[in-house]
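Shared chain: subunit A. Partners: subunit B in the first complex, subunit C in the second.
Entry: the complex of A and B
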């Protein structure tokens, strides 16, 4: 005689029922978590960092896809999407000045300014993540590590390792010369000149031939006096589309 | 009110004519803008090439940079092409600077005239540019050559007529 309710099939069914119940609980807990923290996600950059780190440890990228569970639930995706748009606006507005190269500091300063006094807090970590997202979407964005921070590149100027290394050298004073490059990097004169010519050609550097000794190549992106100056209406009129 | 220098003024390469064509275009546009605003601020209407080289605009002593004479002439040529500058001599030693073009001045003057209900009145040029009544107006102190050109622009528009009187010129507005 066979007894009902016992056997591999029945146990599996029971387990499934249990799991299903657990999932229901899990889902409603998650929804509760989400609604509680939606505000915090938008308001606190520290919370966002911790949230991102938590996701990373469990192998989840909340920004991986705009339609993802987390990004929809918590609006994380929206936050970074909007930030990305703002970053693009700032970079476009200053492109005529700096050739499409801007320090992360200046970008941060201007993004905060654009958001006004009562807007949400945005950290440099937020900017870096938003830029990485922009990069993935193929917007011509790139980040060059210099002096402990980054230079954000917003135009697809072709910059290879040689160019990057010279930019890093220029970061200290905002300008660089052929002899400085030869001294620090031990390059041949021709290689140094080649890089500097490229930077001039891309509109990232300006030539100063009145410097004592030899010509200097200055980068508007690194010109500290410039970073806090707004674009004047006159300047705006000069911007060619 | 003190003059506000643009960011480029403190940027040493600004005083070197840029080799890159696109950068040079931006540079020249900025120079034209700076030259005109400086002249506007100090109400300069004529410039001599010799003094201009020593003028703070083109000779920035603080950063030990100056625009070469060649470059200054290039900037002036840009201004001339845009209608903001006119050479007074073939040797290009003196020029007129029109940081406001005659038509624009004409418009300002006419606005003042009609605002004060003085259409159909006759003014001497002196009254217009140097009279007490116009002291707070922007065109106060306008040099005669520019004043005449502005009135001639209005005349072309049928808004005024320049007349010769006993002791000089005058103008009637319609």
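Entry: the complex of A and C
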């Protein structure tokens, strides 16, 4: 006769059964919650923030899988995953111009425009969360803190701290020069040039060699006036890098 | 302790006293609060504590704000009757679950300014719009605080489950006990449902759940044609957009996609997930071998003398990202050389190789 052990094995099995039961209860609990509040999640970005914070406290990630309870019952997943698609598309469309770097503001503006009049409210917090999820797909999605907000990177360009700091410096005017870098950051000329060259190569910066004084390095990602007029890919190819 | 507020200790009209307990000491975390021995009163709406020595000193906490409570071993010099304390605990649990405070609110809501204007004609123009916005905001806030309460209650349940899942996961990791393969798979699907990170994942085989297995099979079918059109390779973000746009509903999460793609190999699908040195992840057709890709890169570059990633992309109809990866691969294998300048990255045939 096989005797069920009282050791660790039995405990684990018992725990698993308990978890299964608890999961069922939790699931029906969540269904009740969802029936009352599903609309809120879709409509209110404020609500979504609260919800996400709660999940973070508990230690669950409601966006991990489309097959998760949160996704299936509350529809949180679809909201963020679709947003992810829109973010990728906007970044791709503008990459030829800004090299794969865009301000969170501009991204927000364009995503809202793409969604149309009747679409739901999308906040910058929503975008940030969607972008965090996109990172797992390895396409270099990242966020660089600049001037109180963020630059969203959508290409796997290597950007170390030196590059980031120069981007932050350029944020105020949209461009930066070698002497500015030397003055503000107290760097050697070599170091400043090295960083600027890298940004040029990656297509993140454009060189204005005709500027009065010394050459200026402009960052299309930081242009605000250009958002009104789009440069087509054909036009972009004709512009000498 | 900061949820407690000063109170007059009197019960409201709709409130009922459930139980009271003498000789209760209040502790603020580890140190004793300035308050000492008193009476604890449990009503349908709040938990009140009144100082025995100084009757004026009375604080209360609404039951709706109690998220979690636990029993702690009584300190030195037990002045409390353990049986009564147990009873208090039981009644508290009961009150918390019944939530009678919800059905009988303590005070009437204060009439808002808008109510007093029901006699007026409907406001138009900017003022009307502003008012609508304000009403909606108040409505949302009300909903949010309502929902917040409901969330709090479920938070504890969820936390318990996370704890439980962790201990199970540890047992599986340490290979304690005789959990079967089936049970492990079942456990992983529980984790998936809850959105709990799985500490038992084996990187090479993804999450190992049935859901992702099915998904991998589906992807194997859906992606064949698009991959052929795009030269046998697609960036994972491209796949993500393609698949989700086609689905319209019940979209895949980025993690779902990655986990499913990781299973291609074990399912013997004609696709593979591949990660380049740069971190870029692609899905590629098995049939498009490495050698083919490299020789095609070499041929094209030799043909044109030199190529940048953008030029190569235009030639093949690929994305710039992927054409760059191919050129880098060919370089890594020693067939191409790079010319790296501010004008861009350009590749030439490696003459050291061919003219050695």
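We take it that the second predicted complex is superposed on the first by the 199 of 241 C-alpha atoms of A that agree within 3 Å, B and C clash if a C-alpha of one lies under 4 Å from a C-alpha of the other, contacts with A are read in each partner's own complex, and residues count from 1 in each chain.
In this section, a residue touches a chain if its C-beta (ideal position, glycine included) is under 8 Å from a C-beta of that chain, and two chains touch if they have at least 3 such contacts.
Bear in mind the structure is a predicted one, so any value in this text is a computation, not a measurement.
Looking at the overlay, what does A:77 touch: subunit B (first), subunit C (second), both, or neither?
Once the two structures are laid over each other on A, A:77 reaches subunit C alone.
Between subunit B and subunit C, pick out the one touching the greater number of residues of subunit A.
Per-residue touch count on subunit A favours C.
According to the stated criteria, A:216 is in contact with first (subunit B), second (subunit C), both, or neither; which is it?
In the superposed model, A:216 contacts subunit B only, not subunit C.
Now for A:200: first (subunit B), second (subunit C), both, or neither, which partner does it touch?
After superposing on A, A:200 lies in contact with both subunit B and subunit C.
Classify the contacts of A:208 with the two partner chains as first (subunit B alone), second (subunit C alone), both, or neither.
After superposing on A, A:208 lies in contact with subunit B but is clear of subunit C.
Go through the superposed model and pick first if A:12 touches only subunit B, second if only subunit C, both, or neither.
Second partner only, subunit C.
Mind working out whether A:145 is in touch with subunit B, subunit C, both or neither, as first, second, both or neither?
A:145: touches no partner chain.
Residue by residue on subunit A, keep only those touching subunit B in one complex and subunit C in the other, then list them.
Touching subunit B and subunit C on subunit A: residues 200-201, 207.
What does subunit B use to touch subunit A in their complex?
Answer in residue numbers: 6-7, 10-16, 18-20, 22-23, 25-27, 29-30, 33, 37, 64-66.
Please output the residues of subunit A touching subunit B within their complex, sorted ascending.
It comes out as residues 96-97, 175, 200-201, 203, 206-211, 216, 218, 220, 223, 225-226, 229, 232, 234-235, 238, 240.
Name, in rising order, each residue of subunit A that touches subunit C in their complex.
7-13, 15-16, 18-20, 22-23, 25-27, 29-30, 33, 36-37, 40, 44, 46-47, 50-51, 54-55, 57-71, 77-78, 81-82, 84-85, 88-89, 95, 133-140, 155-156, 197, 200-201, 207, 237, 241
Subunit A touches which residues of subunit C in the complex?
Touching subunit A: residues 140, 143-144, 147-148, 150-151, 154-155, 157-162, 164-165, 167-168, 171-172, 176-179, 183, 186-187, 190, 192-197, 209, 211, 235-237, 240-241, 244-245, 249-258, 275, 278-281, 310, 320-321, 340-345 of subunit C.
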